[in-house]
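In what follows, subunit A forms one complex with subunit B and a second complex with subunit C.
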Partner chain A sequence: MPSAQTWDAVSEGQEFELVEASDSQRLVIWAAASGDFYQIHYDDNFAKNNKLPDIIVHGALKGMWVGKLLDEIAGDNGWVKQWDVSYRGMDIAREDVTIFGKITKKYEQGGEHLVDLEVGVRRKDGSVSTPGTGTLRLAKK
Partner chain B sequence: MPVERFPVEAGHIMLFARSVGDANQIYYDENYAKGTEPGGIIAPPTFVQASAQFDPDYGLRPKIGQKWFGSGANPTGSNVPPVDEPEQQRAGGGSGLHAEQHYEYHRHLKPGDVLRSVSRPGESWEREGRRAGKLIFSESITEYYDQNNELVITARSVGVRTERPVQQD
Partner chain C sequence: MADVMELTPEMKAAVGKPGEPTLYEVTSLGIRTFARAVGYKNPVYFDDDAAKAKGFPAIQAPPGYLGMPVWNPNKPSGRQATFESPFKRNLNGGTAVEPLERVFAGDVLEAVTSLTSLEIVPSAAFGQMMIRVSETVYTRKSDGKVVAKTRGTGLSY
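Now for the complex of A and B:
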């Protein structure tokens, strides 16, 4: 889990990562918190009857992992200004995925110290399932 | 989805932080939170994703007294007669899917806040898909206001519908 960053210490091209395990328990607790109880996320038989190879990770949960990574980088003294993700494909549960954020731009605007990032969910085979962008305000130092 | 009343509660914040695997004590420990810049428990920035809990029409939650339909092709609750497998369709065939989500934050959410949201349609556009015919994208903009009518979060989501169900290869 990356720790909170300061604007002075980061540089363009710098990358942050966290690994998430999508065990069925993770998907069940997400169902409870979010209210999305669609069975393709926790019921093996139901998923197979819907011609899925296995239960799949909630798209929104993958988005939330990206949001969490941005929140960690900004820390308590920074601010997640905005972020977005595109849901471009299913991820099978029970396989670890890597949530990544790469700084693409470091700049000052309106008196704020900002960074733009490219974010996403990277699978074991290197493909990216949930690409997006984010803008953070960081503490100067 | 617009919700008329979304009370932000400490227990729900704690559950939500656990569900995304966020161990920051600021989301559940009042004593720790007192010593931080916000000065009290706050919700993770992603928390409004849980507003579906307060949407009476949210379709992915079982409802008491109703057959649990899910978003599959057939009702699937334990009180529903089983359906032969070949009749079941793959999820999403010919129906709506969530394509994109965008959030803009204006301030922290904290327990005691009561949000309401209003939604309006944004742009829509079409693209030719490979297997499912035309893909129809439509944007929806949802603004969350607090009890003082201050804008706290702006969310933009893009949904996509297919012209016909995706055929299995």
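Now for the complex of A and C:
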């Protein structure tokens, strides 16, 4: 889990990661949290009858894992200003995925201390299913 | 050869037109379930005392959690389709979130969604695909503040 960062302490190119499990129980909890009850995410037979190899991870959950990574970097004294992700591919459930962020720009704007990041969800084989970007306001030391 | 679909006048007219407001309730149960599903550990998302120690009125919603629409099987959702899509299968193409204010348990948000762009494009996999981009603005009922904006991309084929 990344620890909260201050603007002074981070640098362009710095990377952060966290690993998330995608077991069926977690997908069911997400279904309850999000209201997305489409059965391809928790019903093995339904998924297979829809030509999927197994149940798949909700796209929105992947997006919110990216939000969590950003929130943990920002900490209680920072702020997640925005993030966006594109769901370019399915992630089969029951496999761990890595949520990553890399600082691409560190700057001041309008009195705020900001960093831009390249973010995403990476599969075990190294491919990125869910690329995106984010911007954080970080606390000064 | 399959028919080539084009945007109808009805579809074009839907772009830029805000939908009916939908109420979203932000409850402590909803926040905790969301935070548990995403895997948060920060106590301000779970523990009333930790949240109050930070000066918050109640547990805070993690970024991206904007409550759940009020479910009533006897009333239509505010997010009714404004046109009939010729494509029957849908995929979530992407999400963008812009948190603007802290959101807490007990907040009631009014969400208004506008379709900002709509196009039908060639698709190697499906022949054609419809791409819809919509933006939703969430306003807290108690103080009138816009607390977040989101953008969603929907793919239909």
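Basically, the second predicted complex is superposed on the first by the 141 of 141 C-alpha atoms of A that agree within 3 Å, B and C clash if a C-alpha of one lies under 4 Å from a C-alpha of the other, contacts with A are read in each partner's own complex, and residues count from 1 in each chain.
Going forward, a contact is a pair of C-beta atoms (placed from the backbone, for glycine too) under 8 Å apart; a residue touches a chain by one contact, two chains touch by 3 or more.
Treat the numbers as computed from the prediction; the structure is a model and nothing was measured.
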After lining both complexes up on subunit A, report clash or fit for subunit B versus subunit C. clash
On subunit A, which partner's contacts cover more residues, subunit B's or subunit C's? B
Name the contact category of A:53: first (subunit B only), second (subunit C only), both, or neither. neither
A:110 contacts which: subunit B (first), subunit C (second), both, neither? neither
Mind working out whether A:87 is in touch with subunit B, subunit C, both or neither, as first, second, both or neither? both
Across the two complexes, find the residues of subunit A that touch subunit B and also touch subunit C. 1, 20, 26, 29-30, 32-35, 59-61, 63-65, 67-68, 70-71, 76, 79-87
Note which residues of subunit B are touching subunit A in the complex, please. 12, 15-16, 18-24, 26, 36-38, 44-46, 49-50, 52-53, 58, 60-62, 70-72, 76, 85, 88-91, 97-105, 156, 168
Residue ranges of subunit A touching subunit C (in the complex, touch as defined): 1, 20, 26, 29-30, 32-35, 58-61, 63-65, 67-68, 70-72, 76, 79-87, 132
List of subunit C residues in touch with subunit A within their complex: 30, 33-34, 36-42, 44, 54, 62-65, 68-69, 91-99, 151, 153
Would you tell me which residues of subunit A are touching subunit B in their complex? 1, 20, 26, 29-30, 32-40, 46, 49-52, 59-61, 63-65, 67-68, 70-71, 76-77, 79-87
